[in-house]
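Below: the structure, in structure tokens.
By written order: A, B, C and D. Residues from 1 in each chain.
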Amino acid sequence: MIIVMQTTATQEQVKKVEEKLVALGFKTHPIYGEVKTVIGAIGDKRLLDTQMITSMPGVENIVPIMKPYKLVSRELKQSKTIIQIDDIAIGGQEIVIMAGPCAVENEEVFFETARKVKAAGAKILRGGAFKPRTSPYSFQGLEEEGLKMLDIARKETGLKIVTEVVDTRDVEVVSRYSDILQIGARNMQNFRLLKEVGASGKPVLLKRGLSATIEEWLMAAEYIMSSGNPNIILCERGIRTFETATRNTIDISAIPVVKELSHLPIIADPSHATGTWKYVDALSKAAVAAGADGLIIEVHNDPSRALCDGPQSLRPEKFAQLMEELKPVALAVHRTI
Amino acid sequence: MIIVMQTTATQEQVKKVEEKLVALGFKTHPIYGEVKTVIGAIGDKRLLDTQMITSMPGVENIVPIMKPYKLVSRELKQSKTIIQIDDIAIGGQEIVIMAGPCAVENEEVFFETARKVKAAGAKILRGGAFKPRTSPYSFQGLEEEGLKMLDIARKETGLKIVTEVVDTRDVEVVSRYSDILQIGARNMQNFRLLKEVGASGKPVLLKRGLSATIEEWLMAAEYIMSSGNPNIILCERGIRTFETATRNTIDISAIPVVKELSHLPIIADPSHATGTWKYVDALSKAAVAAGADGLIIEVHNDPSRALCDGPQSLRPEKFAQLMEELKPVALAVHRTI
Amino acid sequence: MIIVMQTTATQEQVKKVEEKLVALGFKTHPIYGEVKTVIGAIGDKRLLDTQMITSMPGVENIVPIMKPYKLVSRELKQSKTIIQIDDIAIGGQEIVIMAGPCAVENEEVFFETARKVKAAGAKILRGGAFKPRTSPYSFQGLEEEGLKMLDIARKETGLKIVTEVVDTRDVEVVSRYSDILQIGARNMQNFRLLKEVGASGKPVLLKRGLSATIEEWLMAAEYIMSSGNPNIILCERGIRTFETATRNTIDISAIPVVKELSHLPIIADPSHATGTWKYVDALSKAAVAAGADGLIIEVHNDPSRALCDGPQSLRPEKFAQLMEELKPVALAVHRTI
Amino acid sequence: MIIVMQTTATQEQVKKVEEKLVALGFKTHPIYGEVKTVIGAIGDKRLLDTQMITSMPGVENIVPIMKPYKLVSRELKQSKTIIQIDDIAIGGQEIVIMAGPCAVENEEVFFETARKVKAAGAKILRGGAFKPRTSPYSFQGLEEEGLKMLDIARKETGLKIVTEVVDTRDVEVVSRYSDILQIGARNMQNFRLLKEVGASGKPVLLKRGLSATIEEWLMAAEYIMSSGNPNIILCERGIRTFETATRNTIDISAIPVVKELSHLPIIADPSHATGTWKYVDALSKAAVAAGADGLIIEVHNDPSRALCDGPQSLRPEKFAQLMEELKPVALAVHRTI
């Protein structure tokens, strides 16, 4: 790291910072500029809280040179990680499609939707049993009853299941009924939950927080991986900006950026990002063209009766058509669907 | 609420939307404009998920007329809520100052800091035992051992204690050792945790999420209040914007806005908002002048040895000086400190 | 539009608002809800500044029902606008590629780059003669000398020219040497400049402002069109968000949103959006897959010697390869390049 | 500055970068870390476009150590700049209040408002003759006729005049009728206009752009100052964020930050920042408490008839009351009004 000293820093202050750095195990290289002094500090001390140095008299700021994450970085592991769930490989040559309703609400509607997304080519079924809702008065999910429906749908269709877990106390039960644990955007920095899903060993779908930088998102993945679980799928789902024409702004650039920085697979969620089914088509194609390893799309048999996120759900026939249209886009970037 | 129909909506579609609204218990008032039809729907149905309507054919969008929160709103309760903790009244005429280090790290330093903030006029002692940290490699707090130190400091100084709870499983133990449960910015939409602290009945300090709108923040308070706990103190601590000169951007406007919309007291956290002790002075004064009911300020006996957030901590003597300087500002807006 | 009255509004206040609306030529339809009164006002008065109403006693807020733009909207003109520049059609079935260096700096490098982008399939040559630079100490462009080089390159290669105009006083001279006038992001709300390029009749490339909503962007286009110039090409070039991994965040959603709201063609600028040549490839493909009518890409024969925006420029050989890779993506969405 | 080399950079690449730096007049100090090499480059070359270096093979990124601005910085000039306009000193011990309507619309209303703000203690009269409006269909200002009214009001009341200039072609005429030239938020990066007002020598009120960082804002001031005009007053008027409860989010932190970085005076515009007169009171007090050197407040004799920005205008009597209430706040921070 580089310590930038203030213009007014005294030689004594520079010396004290150097001494502190040496005491912490760094080798120091001061550079005396015309106006400011900077100190190069050598030593790969990711654990060091740089704040101790920042607060020392005469220090202007600290410029980290190394990334704060390690296990999830491409620097550590250059080959792409592939998450294998039986015969499904996420991060490989095939683009994996996850689809289903926002929430599991009604057995009949849910199974019908499940069968249709399977027929259209989806490999993984999504559906929420525990729903984090902005309002305490909104439908909060069927909880364990919903998990059981997911399990039945899994057995009946052969689809794998991804579903959200919102509380450390539920990790065990959700793990029992599902194949992938989803960490929602609002819980991306619920560090205790990250540690629990890390300890569970189950594949984790880690959604990006609404206002999380890519670095913070990778640090959240680092929490899971440093708890012993390397099976992480990152999911871009839109960030919060000033634009209100769409619910959030999908950050398509995050796809190539994450692929450069990390070995983990990354998928996109065009349904939550836009909040409107009309734009799901264009953004699904964009995400695939940009290199996404998968998509998670909301599909509902009857959006106008959905208890949750109806406006962003595709009808099954529209979803089937999108699946057809995505195939040539995938081929154009040397992938398959 | 108002349902705006698309320009191309048919009379049949308008009729179907009206029928649905009537079935849901609304009275409808269609207005046929020159280009578009809008339907006024009367009925205070806060519980209704408007998404069912939004997905109907011909509907362009829904404009809510009523606020989505109820219990926390000024419309329901016009007099300001005062949270009483023994002889301390938060939301009254006196501006309440909370101060202390970011994390409880070391007994000696902590007690020394506690005694000094008490001497300077703080009424409540802050200090984290459970720390949500961006990096898994950073100091995560002393946990129950830290809580015990808080408890000793409370007994020794007579200060009340505010400390963060980050996991539903810890609500009970944190409640045992503290007077106010803090919900941090990253957990503002951890709805299960909101319900648990709601059920606990303990006063709650609810920090605004980094990318939470004021409406979402009040909805988070509604979760706590609808779980039976009316003792909520809102805390503005900066939002995430494009500006990087300060760690976050403190939204001082949120103070008068919240005071207009809600009866709950609101305080400000200039330390976390700016991330730099140098700006704490100016922003503390600004918050008081804007009408804040209190401040929460980081104070550390030796910031350069703090394991957490040293750069934003004031030294005790600087804090004491700030306390003196805040008094005339408080008086200028007819408050006391 | 809908006028929402405050909970505390008196009948007298409602009446006064109605009278004012009637005086302004509206028909009014009050709806008396259980808690609030709202007034529907019929009449397509785009010219009305709603602020006169907003300031009346008892008014809470105004909800516009009609879009504020008219000439650029799909509601007015349903068929897509195609901008014809000799044999080049922007907005048609073919995706039009614009390419070239950020600034015209050096005759030799510029002509060499021009020949190479032409050979790779670009139809339009970009290059700045007037450069809006954040620092007064940065290279500000060759001005008229640069325009003359553009003109020579046009004659030599047959490429059409797009170049930026930054001052009302320069519209005439820039029009003389170029085929498309570019309005840069920083000038998107330089309304005088919009009117001047509107009056010029030349095709205009209107970049989205860094913090402009899609609605404000379309209003800027409305300025140009209402000055008599219908030849407008919109260009998404990234918005300012909290994310710093890329220079700006390209809002790919803006492509389908604009295509829904407006008949104008829309292209994307992946070079300025990301600020890094490494991500131009993925984002060019994403923009095409999402439905963009064209791309504008920075290409420089020797990026490390560019006086402006070198880091985001592709070398000509990389650009030629990208052009090849874009073809199947275009075909996948039924377009050609 | 510091050049950070990629992990994979070769010694040859490091050598080439060093050679380039030496050729550009820098002294180089490479530091060979365990994983990465960084090169310290000494030499105060503000003029250097770092992009030439960034594009070199093996370079990861460049970390500037010096601020990009010079003339406006505290490092160059430590004493605060005071702008003297006859007997009014902006940046001194007294807090200067500017007030008046958004636009000059009607002689009678304008003069009446002018007399009242003068009586309440304002020193400078604001009023727009050239109005940058989001919609081409909104009132665009009375132009030169408006300037003449401003001039009459000046003579009649003795107030100084601040008014906006929006076009390089108008700088001369606006200078003739006013005492301070205002550069609006939308023109903060209209670099040609900055140079023209720089050349005019007239005091300039430079509003912060809606999405401008503090650094970009100071760079805009640097444009004016490097054109020979040191009389610049910075004005914080709110930035664009995701929050919609207020029109923009006033960045009160910008006040202490600017005061640390620059010697220029800084004022605040609570009217445009919030868009609502209700919050002007609290934010005016906050800005003064945070150290603002002045305020610019919209006051209109009859807000409900204003052609522009009525909702954010105070009535004269409310303004007079605010002036009284601001006095003790100013005193509390050792200033006067």
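Methods note: a residue touches a chain if its C-beta (ideal position, glycine included) is under 8 Å from a C-beta of that chain, and two chains touch if they have at least 3 such contacts.
All values reported here derive from a predicted model rather than from experimental measurement.
Where touching is counted per the definition, the chains common to chain C and chain D are A, B. For chain C, the chain with the farthest CA centroid is B.
In terms of their C-alpha centroids, the spacing between chain B and chain C amounts to 38 Å. Computed centre separation for the pair chain B/chain D is 31 angstrom, with centres defined by C-alpha atoms.
Averaged C-alpha coordinates put the centre of chain A at 26 Å from the centre of chain B. Residue numbers of chain A whose C-beta contacts span two or more other chains: 211, 240-242, 244.
Residues 2, 4, 7, 29, 31-36, 38, 40, 42-44, 63, 65-66, 75, 240-242, 244 of chain B are the ones touching chain C in the complex. Chain B contributes residues 46-47, 49, 51-56, 68, 132-140, 166-169, 186-187, 189-192, 195, 209-211, 216, 219, 222-223, 226-227, 240, 303-311, 313 to its touches with chain A in the complex. Residues 211, 213-215, 239, 241-246, 249-257, 260, 273-274, 278-279, 281-283, 285-291, 325, 328-329, 331-333 of chain A touch chain C in their complex.
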